[in-house]
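Shared between the two complexes below is chain A, which pairs with chain B and chain C, respectively.
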Partner chain A sequence: MTQIELRNVNKFFGAVQVIKDVSLTVNDREFVVFLGQSGCGKTTTLRAIAGLETVDSGEILVGGVPVQDTRAEDRDIAFVFQSFALYPHLTVYENMAFPLRAVGTPKAEVDVTVRRVAGVLQISGLLKRRPSALSGGDLQRVAIGRALVRNPKAMLMDEPIGSLDAKLREEMRVELKRLHVEQGSTTIYVTHDQIEAMALADRIVVMHAGVLQQVGTPEEIYTNPVNLFVAQFVGSPVMNVCDVVVGDGVVTLAGAAEGFAMPQALTQQLQAKVTLGIRPEALEVVLEPSAGAIGAEVHLVESLGSHDIVDLRIGQALVRARTRAGLVSGPGLRVYVKADASRAHFFDEAGQSLGIRV
Partner chain B sequence: MNPEARVAQQTLAPTAPRAHGMSDLAIRNLFIIPTIVFLIVFNIFPLIYSLGYSFTDFRASSNDPAHFVGLDNYRTLLSDPNIWSNFTITAKYVIISVTGQVIVGFGVAMLLNRNIPFKGLLTTLLLLPMMLSAAVVGLFWKLLYDPSFGIINYAFGLGTFEWLADPKMALYAIAIADIWMWSPFVMLLSLAGLSAVPKHLYEAAAIDRASGLYVFFRITLPLVAPILMIAVIFRTMEAFKTFDLAYILASQPTTEVISIRLYKMAFQEWQTGLSCAFAYIVLVMVLAITNIYVKYLNKVKER
Partner chain C sequence: MAAVRTKGEMLRHRLSIISLLVILALFLAPIFWITATAFKPRNLATTVPPTVFFQPEFSPFVKLMTKRSQLRSAPTAEVYNAAPWWEQTVFDGGEKVVRSGKGEVQLSGFPSRFLNSLIIAITSTVLAVGMGTITAYGFSRFKVAGEDDWLFFILSTRMLPPVVVAIPMFLMYRVVGLNDTHLGLIILYTAFNLSFSVWLMKGFIDEIPKEYEDAALVDGYTRMQAFFRIVLPEAATGIAATAVFCFITAWNEYAFALIMTNKRAQTAPPFIPSQVGSGLPDWTVIAAGTFLFLVPVAIFTFLLRNHLLRGMSFGAIRK
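This part shows the complex of A and B:
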């Protein structure tokens, strides 16, 4: 039973505040992903939980016990480094046995544990090799193995698959998820890759400039982003964001002749000028004029096989829509676009979500 | 400008020969050939010539021609208990001196390998003893060890203890001076080795709950071992052929290391042939010891 709790944690590097008043509770057996751009403070927060960084104020509780003044050695938390940080002079076996031997575990027990974990990670054949003779994926498995052998209170992972190539990353992602389901330890995982975050997390914590932006399940983050940062950080392609003029039952993009039809119940709640956020898949492109569809000019077509991403010019705005593959033949074509009002987001000038939905 | 045009311009310019540097031929003639000639005249030739002398009864002080005596010189030397005692003294000296240098040098390097103010200045100051001439260091320590006015006896309240005249202590006294002089060398190499250990390994070890001692023996030491081995090789070879310090500091029978015996044999007793044979025995020994180290070093470096 390990719950990790951060209470008003602050951290400075010189004059720069890298963690700003972060409070968060990670429940037992939960898989939480810290998501954010590089330099947003997510790795520093993770290192602070592990005890590799000190915090300037605030409390960190592991299993209800404050640990912010305890050394990393005494926190009993496993950490998988982005660089793997395997001991280069030790074999895979010795690397994995290190955390057990360091605390004087009996030899037989070390052997049994290492071989069991190696079996789980499918690296039993590599135990005699040194890290320098391993591929990226195997290094990764060993690094995770070193964390798994000791049944830690919590597992922290700092972009553990960030340095692998795309295909291997996908494989390892599935494997990590499977491992978490099997082992069930409380896990905090840091990444800048929103797809990784969506795929792995029970809950995502979006960070920006040292501040928690939003904490929620992947669905919540995706469907109800609290601000423009979260809205644009999560989802690919990026959510369209345009300044709009709100009329009665119509929302018009700046400089456009006609506007998207929206329910009056929705438009009545909105001020005259807001920012509209709409994901590419909430825009429907049709080739013939139809009710509620506004004219647009095709600017660019990206064919992605399973679907196309079409850049459209509506008035002065450039928006992207997702269409079925091959629907739009090429640039210059005149098409018509409908917006799904139930998937429209509205933000105020400061970029905060107005929370007004159909 | 395209590359060809640039080359063409350089070729036409009056400074063209300098811009192109020296030809391989010029480098060979100016640097490599003189070096090889120098090596042959002053190293290779005497080496071979003395090997020849080692099989004769040649004496450089007399006009008698050299007679071939076969392996007699080697037989004489290897069956002489006095020579073996010289070897024992040398071995003892090498072990004390090199061990001391590794402990002191590595220890100081560990202390310096952190963020401390004036680290650069401190390191440079600590390197000073190494930069002194061994003769100077010898005279220096002779004063420090002086029974009546030496600061060592004064500092430790040892009265008029005779460091250098005491048959048991003299060798230790020389070794201490050598440790003082050459620990900085080990420190310098250790420092390079220590700073090359990636910081994230220490973080990983902290996460793995390893104690300070465990980290030292399982991570720091193995990772610094290759470069430390190089320091040990150099210091062992040097200590093995120590002459100056021992010659200046003491002249006890208990401090007669092989190079002093060799010197006496060659230039006081003028037994040139015999001393050549002796020098060859020493050479083979140093080579053998070095080889063992190099083998170990390669093993350590394999990973």
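This part shows the complex of A and C:
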């Protein structure tokens, strides 16, 4: 039973505040992903949980016990480093056995455990090699193996697959998920890749500039982003965001002749000027004029094989829509766009979601 | 790794090999000279032009190690044949080995001076490198108030040439009874090498990613264990390079050794030239002493050569 809890944690590097009043509970056996841009404090938060970094105020609890004054070596938390940190002078076997030797595990048991974990990670053939003779994917498996051998209270992984190529990343993602299901250890995983986060997480924690923006399941984060940052950080391509004028049953993009039709029950709750957020897949492009569709000019077409992303000019605004492959022939074409009101988001000037939905 | 080369590069490659061979020959010439002289009979040591081909002899080494006197008359065949082979080589040179009343061979000063050199150089190297590594680790890994000032201060101890401080040191050493002792020279050389060792080791330890230790810490090792099990092996290259430099400095040191010691703790460097002054110099003996003096450094450097090569290019090649 290992629950990790952060209570109002603050951390400064000199005058710079890197973690700002972060409170979070990670439940036993949960897989939580920290998602955020480079430099937002993800690594620092993980290091604080592991005891490699002190915090300036606030409490960190592991399994209900405050650990601020517990040294890293006594916290029993495994850490997979962003840079792997495999010891170059030791073989893969010795690297993986290293944590076991710390607690004086009998030799025979070390051997059994290392070979079992190596088997799970499919690196049994590499045990005699040194890290310098391994590929990026192998290094990563060894780094994870070193964390897995000892059944820690919790696993912290700092962008473990960030440096791999796309295909390998996908494979490792699946493998990590499988390992977590098998081992069931409480895991905090750091990434700046939102697809990775969506694929792996039980819950996602979106961070920005040291502040937690939103905590929720991938679906929650995706369908109900609390602010513009989360809305635009999660989802690919990025959610369209435009200033709109709200009329009675109609929402008009700045400078556009016509507006998207929206239910009156919705528009009545909105002020005259708000920010509309709508994902590309919530916009439907048709070639012929039809009821509720407004005119738009095709600006650019990106063919992605399974689907196309079309850049459209509506009034002064540029929006992107997702269409089936080959629907729109090319730039300059006149098309018609419908917006799915049930998937429209509205934000105030500060970028906070108004929480007004159909 | 064989990279693809153009013709121009091949030519340049050959030219650089040739020039390297020339430079090598230039540097090896004095060493060859000393080595050759150490094995020459005395009458061939100073011929002009120098003798290149000769029957190598062992007598200079025997003469180096023993006390000798001139033979007034050739030894009788009985005496000659009873003598061991090394003593015969001395007889051949017109000298005899001095023996005590009981017939024990009287050793010259060289063996004990050589031993002094070994004791003092090795001990001071171990101390300087050991203390330097720990100090450098502290400077590298922890926030030390006034770090840059401390490091500059440490380096500044190296700024005065030894001759300048030798006399005051001698006076102080005399007061505390450290002159002409092994301990005195060991302290002196350790202090002298320490600044160098700290600076060099700091560079090497800075290069070791902190995350190695972080990984060891989360794996359940204490910082001390992490230092011994991770930092030290990773710094082996740097330690080897630093040790070679410190050893060579201590081994070759002349000025302090000359002033601070005269008998008990005298090292080989001041002893060898002192032999030049006594009567007509026997250059083969001096060459033999110099040759033996070169050997430990050569062995030491040879043993550590792999580390050294990596150490020299450390930081230049990123892993």
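What we mean here is this: the second predicted complex is superposed on the first by the 358 of 358 C-alpha atoms of A that agree within 3 Å, B and C clash if a C-alpha of one lies under 4 Å from a C-alpha of the other, contacts with A are read in each partner's own complex, and residues count from 1 in each chain.
Going forward, a contact is a pair of C-beta atoms (placed from the backbone, for glycine too) under 8 Å apart; a residue touches a chain by one contact, two chains touch by 3 or more.
This one's a predicted model, so the numbers in the text were calculated from it and none came from an experiment.
Annotation: superposed three-chain arrangement on chain A; chain B versus chain C shows a clash. When the two complexes are overlaid on their common chain A, residue A:Gly259 makes contact with neither chain B nor chain C. In the superposed pair of complexes, A:Arg130 makes contact with chain B only, with no contact to chain C. Residue contacts after overlaying the shared chain place A:Pro88 against chain B and chain C alike. Of the two partner chains placed by superposition, A:Gly277 touches none, neither chain B nor chain C. Contact with neither chain B nor chain C is seen for A:Gly145 once the two complexes are overlaid on the shared chain. Counting contacts by the rule stated earlier, residues 50-52, 71-74, 76-79, 81, 83, 85, 87-89, 98-99, 102-103, 132, 146, 150 of chain A appear in both its interface with chain B and its interface with chain C.
For chain A in complex with chain B, the residues that touch the partner chain are 50-52, 71-74, 76-79, 81, 83, 85-89, 98-99, 102-103, 130, 132, 146, 150. Here chain B touches chain A in the complex through residues 198, 200-201, 203-211, 214, 218-219, 222-223, 303, going by the rule given at the top. Considering their complex, residues 209, 211-212, 214-222, 225, 230, 233-234, 236, 319 of chain C touch chain A.
The residues of chain A lying in touch with chain C in their complex are 47, 50-52, 71-79, 81, 83, 85, 87-89, 98-99, 102-103, 132, 146, 150.
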